[in-house]
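Each of the next two complexes has subunit A plus one other chain: subunit B in the first, subunit C in the second.
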Partner chain A sequence: MYGFEALTFNIHGGYLEAIVRGHRSGLLTVADYNNLCQCETLDDIKMHLSATEYGPYLQNEPSPLHTTTIVEKCTLKLVDEYKHMLCQATEPLSTFLEYITYGHMIDNVVLIVTGTLHERDVQELLEKCHPLGMFDSIATLAVAQNMRELYRLVLVDTPLAPYFSECITSEDLDDMNIEIMRNTLYKAYLEDFYKFCQKLGGATAEIMSDLLAFEADRRAVNITINSIGTELTRDDRRKLYSNFGLLYPYGHEELAVCEDIDQVRGVMEKYPPYQSIFAKMSYGESQMLDKAFYEEEVKRLCLAFEQQFHYAVFFAYMRLREQEIRNLMWISECVAQNQKSRIHDSVVYMF
Partner chain B sequence: MAGGGHGCCPPMDLMRSEPMQLVQIIVPIESAHLTVSYLGDLGLLQFKDLNADKSPFQRTYANQIKRCGEMARKLRFFREQMTKAGISPSAMSLTQTHIDLDDLEIKLGELEAELIEVNTNSEKLQRTYNELLEYKLVLQKAGEFFYAAQSSATAQQREIEAQQVFDGSLDSPLLLEQESLADPSKQVKLGFVSGLVPKEKSMAFERILFRATRGNMYLKQVAVEDPVTDPVSGEKVAKNVFVVFYSGERAKTKILKICEAFGANRYPFTEDVGKQMQMIDEVSGKISELKTTIDVGLIHRDNILKNIGHQFEQWNHLVRREKSIYHTLNMLSLDVTKKCVVAEGWSPVFATSQVQDALKRATYDSNSQVGSIFQVLYTKESPPTYFQTNKFTSAFQEIVDAYGVAKYQEANPGVYTIITFPFLFAVMFGDWGHGICLLLVTMYFIFREKKLSSQKLGDITEMTFGGRYVIMMMGLFSIYAGLIYNEFFSVPFELFGKSAYACRDPSCSNATTVGLIKVRSTYPFGVDPKWYGSRSELPFLNSLKMKMSILLGVAQMNLGIVLSYFNAKFFKNNLNIWYQFVPQLIFLNSLFGYLSLLIIVKWCTGSKADLYHVMIYMFLSPTDDLGENQLFPGQKTLQLVLLFLALISVPWMLFPKPILLKKQHQERHQGQSYTLLQSTEESLELEQDHSSHGHEEFEFSEVFVHQLIHTIEFVLGAVSNTASYLRLWALSLAHSELSTVFYEKVLLLAWGFNNIIILIVGFIVFVFATVGVLLVMETLSAFLHALRLHWVEFQNKFYEGDGYKFSPFSFALLGEVED
Partner chain C sequence: MAGSSSWSRALMQISPYTFASIGIAISIGVSVLGAAWGIYITGSSLIGAAIKAPRITSKNLISVIFCEAVAIYGVIVAIILQTKLESVPDSQIYAPESLRAGYAIFASGIIVGFANLVCGLCVGIIGSSCALSDAQNSTLFVKILVIEIFGSALGLFGVIVGIIMSSQATWPAKTA
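So, the complex of A and B:
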């Protein structure tokens, strides 16, 4: 179908593309962030947000606000928008939209399993879950003792089931296992999503493969950095990298043997798109890496809106909104804890 | 004010927008609030935002706005509670007791706290109540299971026993009996859990239970008929009662966890029937007890809400008002000394004394020692456009504003639209039967105006209601045009005397005009009814309507051009008069004005000249003899002169204006530097007089291209716009043909059957077709075409429409915005 999207795209996707572009124009701008950063109290933030699209969601909140309330309401807005789009979507867009939430599902599964491991209350854990990644029997995860049970009891009914095939072991769950499970799941998810986008073809495949490749590379780097100094073997580490992306396959070989952050840097600097990210950091530093990656991601996501007639805008919009909510959370926390000097540390501007 | 609005013509209020002035008001800070409040009551001042660079929470009164927002939130909470309890707030009480904002804030806070407390109490009770209800259900349903299970078990047992008895009578081993008797004691003790689970989750619930226990469980479910109120969420949900049997402690913990995960409420249950009955009684007793408590709580809550409801509207009004006052105060700039605030805003000149009066009253009422200062500022900024409309003219003004709000004091096409719009509509919609229908509908709206305007209407009704006076005029003019066309649901009537024609002899049929002779003087008003149904009906009516459309079009376009003259004269722009208005007038009239003249001459003389031929050969071979197409002597000379004038007027429009503009610019540029040396103040005022070209760079090519486009647009537009007016004929034709079809092919056809049922059916179809197609869709299409003729063909001759509307700070407008 490549090349004919302009002819047929609007039959099913036109309305939703218009909707999502409309939502995009409601994202906060640099001017908004500047104003938000000058706020003195959380009420000021509420007052400023009431002039934006978040207004209706926050207007009925009684006055002593908490950061969690703000974040919760902002997320609620995103979820409402997502649900509306999902209701209106037809195949294959609806599947595409569902794919977007699988990442949250994996995170939620991991959150609940880790929480139960540390004997936290299930209700409390459920409140912390991202609403986009909820599924019916999520609370039942607490029953499972090992991965096999986890799979057999709960996950077999969820879309995550196929991703699980690689990590079914009868070992008892512990922190390390769970982390490996998260990354294996994520790897399988990204590869599946990637394949799905390739199948869709056209501009969707083109843009999504770029965005997903970036995601995969970022995860590869993060896995490497986080596994330095742990008992994870090189082969195991190598297995967690997704089998696509700019770093695949030679970069992965090199990353697998890295022993400290500067070696990672050495590997990454061979790839021009990542050179600029690492060029900003001084040697031996990994604190700012997250932010640098986020900034690069936001840049790429914004570029997705430059083309028409493809599904990547939905992915990009959801990601941008999530980034925006992260920003708002950071700003609110800084304001609430009177740490205004650190306010710019983690805010990623979009437009 | 600048300008010579009071020239030859009587003053027309709607023709020019109200003269406006930029005023500056300096108010001492203690009376600022009261001043803004009085000005809001007056509603004739549009404040300018003097703090545009500040974000909302950095402004002076941000705190008060936050407080108002908080109070508004509480009021919304009350409203929500009231709608939940089914109490509607009583209408605005007339006794406007003065309430202080601070008192109100405290009062609202107290009420909210009380309400929340009452709510949490009753919620707790409600929860217990719902739990008990669920428990009762479980007891009943589970009791049924056990009873059924027991009875079937005993039946089985009996069967077995019967078999054994039967067997026993034969030679059966005694051992078997012993075994079966010993069975119950050997049995593993089964545990069970009972409770309620939401219906839609029951399938998944069963599946998970099965998987978790590896099938070592027995689940029994029964649907509860009525939806049950969930104790946690308080919503009505369809639920299933379940009983799970399991064996072993590990299974129990798993099942309990799963129940928790699925939001299934568990309730204890005993196997003993006697105890069951006892428990049911106990629970029922508790339920009735709780019920009375809850009722008392509800009555208490309702009382609180009713008290709130009495004053709710008043409070709501007050809070909104205060919030808007603080918003306005935030737009004012605070003096450095913080003793007074400075307001700037637009106000109509006629309101000067009213504004000053309001300021004085505010100073007096707030016991301020210093009065407010009111002064008029001079500015180059273009003031907002403000027309004082009434309920009749406002709808017509809306039609114009929808295209673009008039530039400040520009000639307002709204004045003419009041008549021309319904008239052009009626030319397309000419049928006095349909006109009467429209009139009746709109009369309903107009007579019930007071009642309807206070309530919420549907989308389409609201639109119709808003345009009721437009529709009334359209109806009246349709009746008029219908009388001229002599059509009543497409049937001609002899209203104004007998037809002028009659048959020469009895044999002549209706279908031809050949046999007709004129027996009387011409039919006095409108089209002779004899034309209808004759063979030459269409050619005659087409010729009439086509020519009429051109006459109307040329007249309206001429009006547009004349208005451009009034504009140029008003703004003292001689260039536009001499190099735009005059050549435009000449061009249009030498071509299409001449055509109109020919049409009228042809009508008066009854000549058979071919006007197409005349017009076309006027361009192709102007020197040729007209021959039989000559309508009056000297026509050829006139044509030559007109053609020459038309050709001349094109370069006349194109070249002089940009060249003269350039010259003017150069002169002014020199003059400016000259006067600057003399005195700065005067030159500043001079600058204000020549507003638009003050500092701008003069780009000759740009101005020239602009003029070129303008000229081409006009020259081509003259032809295409005239042709565009032919839509009047086309739509009128379509309308009359459609109504003829409905009348003849439906009503007359049904009549022909002489059958009452067919007649009724035919009549119903006719009514629906008339209402649906002719009255609704045709009205809409004729409306749109009339709209287009006004927006495009009429207004492009003179209307700039790049102004902005005057939106004063007014409490009266507040309610509309918020709702």
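So, the complex of A and C:
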């Protein structure tokens, strides 16, 4: 019952909630980012990071470092923390934690299928996959020729199986189909996650609804902008939008007919939360849209920690860590390529 | 004295000692339920938070002690109540005085038990938040402790009223 979770939440979730809040205190602060932005070389970055919680993961790396190594080790830390929490969790928290990784699973599936299409080596692709989204039979994805085989051979045993019902066709896989498949899978995943959170009820349902609705709306806007000028029809585009969120259903109707970014802006400015995002960009500029969305997402994720006794802190923590790894990747790339003037273009500060 | 409906007649035929004993059981049983509930709420958060911030363990045991105090109140009142039980001769068991004494002890037990139940819950939930906030920012501990102190006063209110209630539980004097 909403309001009385404090009475029974701690039986199963108290320990893990305290752990995840402890992890949150280890996220990099503005002072850390300032130090990192002053670095001249990747070795300086490694030295600054060794003073933070990433220390044990980076200290054994030999110089010369690559940016991919830094990102890989930081991701490894996230994976270790996630696995520790997952093995301690009971139902329904364990299911909730698993739901968080299905997005990565979808990305990995699409990565391998695209790579196979372009004749890349399977081992090389497996190394590029996100560790949180790995599952056992992932290497056999390279064998499938079309979606039906993909489903029958590999995906029917994975948690992604129920999301495939909408996108099984017998056509061969090509770039366009794969993108549509990715977006259809992600749409099914978001809707499933949303229903699951609603079933959990209480503060979890309320906070996760807000976070997932923002995610759904952001994807709708990105799908619209990316499909302007491609051969994706309006109906196909409309099928890729999720059936919840602030934009559902009237915003989706309007977005489906947009043909350029200014029309998208016109649609989004009718919704107060998104108006502030679009107001940050001047007309005609869309590169900053990603950063504006990330900033808004980080703001909402930090607010999830304000309430106690719910599961959304786990989701928020994973997302904040991923944003931090994105920040570190950007900073490392700028430093490695000597483009330090552009560092502040894409770093999203958390606290 | 028997009422007209059979229910009230049935209630009046229940021995006052039944009511008194149930009151004593409730006072200790439900108080301990409240204390235990509060302790596990605080304890699980405290254990998890102390992994990243080990310094919080010793100070935050105060929350656990406040919850424990609730159980001690229940024990004290139960002991006081059981000293109020006196034997009365058979002819007097259903006299109005006896019934009054039985009901007074019963009420006292309920008062103390349920006041301590909610007090233990309150202190436990605040203690959990206290541990988590202390782990992030150690200046918050003393401020949240003040809230806990106010919370634990609720149990004391229950104890005071319960003791007053039971102090006027006098059984009829034994006739020679």
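The working rule: the second predicted complex is superposed on the first by the 351 of 351 C-alpha atoms of A that agree within 3 Å, B and C clash if a C-alpha of one lies under 4 Å from a C-alpha of the other, contacts with A are read in each partner's own complex, and residues count from 1 in each chain.
Just so it is clear, a residue touches a chain if its C-beta (ideal position, glycine included) is under 8 Å from a C-beta of that chain, and two chains touch if they have at least 3 such contacts.
As the structure is a prediction and not an experimental result, all values here were calculated from the model.
Participant: Once subunit A from each complex is brought into register, does subunit C clash with subunit B or fit beside it?
Facilitator: Fit - subunit B and subunit C, as placed by superposing on subunit A, sit side by side.
Participant: Kindly classify A:139 by the partners it touches after superposition: subunit B alone (first), subunit C alone (second), both, or neither?
Facilitator: A:139 contacts subunit B only, not subunit C.
Participant: May I ask for the angle at the C-alpha centre of subunit A between those of subunit B and subunit C, rounded to a multiple of 10 degrees?
Facilitator: 50
Participant: A:87 contacts which: subunit B (first), subunit C (second), both, neither?
Facilitator: A:87: touches no partner chain.
Participant: Looking at A:6, would you say it contacts subunit B, subunit C, both, or neither? Reply first, second, both or neither.
Facilitator: second
Participant: Considering only the touch criterion stated at the top, classify A:152 as touching first (subunit B), second (subunit C), both, or neither.
Facilitator: Only subunit B is touched by A:152; subunit C is not.
Participant: For A:51, using the defined touch cut-off, is the partner it touches subunit B, subunit C, both, or neither? Pick first, second, both or neither.
Facilitator: In the superposition, A:51 contacts subunit B only.
Participant: Mind working out whether A:22 is in touch with subunit B, subunit C, both or neither, as first, second, both or neither?
Facilitator: A:22 sits against subunit C, while subunit B stays out of touch.
Participant: After the superposition, pull out the minimum Cα separation from subunit B to subunit C in whole angstrom, please.
Facilitator: 10
Participant: Which parts of subunit A are touched by subunit B and by subunit C alike?
Facilitator: none
Participant: Per the contact definition, I'd like the list of subunit C residues that touch subunit A in the complex.
Facilitator: Residues 37, 40-41, 44-49, 51-53, 121, 125, 128-129, 131-132, 135-136 of subunit C touch subunit A in their complex.
Participant: Give the list of subunit B residues in touch with subunit A in this complex.
Facilitator: Those residues of subunit B that touch subunit A are 55-58, 62, 65-66, 69-70, 73, 76-77, 201, 204, 207-208, 211-212, 254, 257-258, 260-262.
Participant: Looking at the complex, which residues from subunit A come into contact with subunit B?
Facilitator: Of all residues in subunit A, those touching subunit B are 35, 38-40, 43-44, 47-48, 50-51, 59-63, 122, 136-143, 152-154, 157.
Participant: Looking at the complex, which residues from subunit A come into contact with subunit C?
Facilitator: Within the complex, subunit A contacts subunit C at residues 6-7, 10-11, 14-19, 21-23, 25-26, 308.
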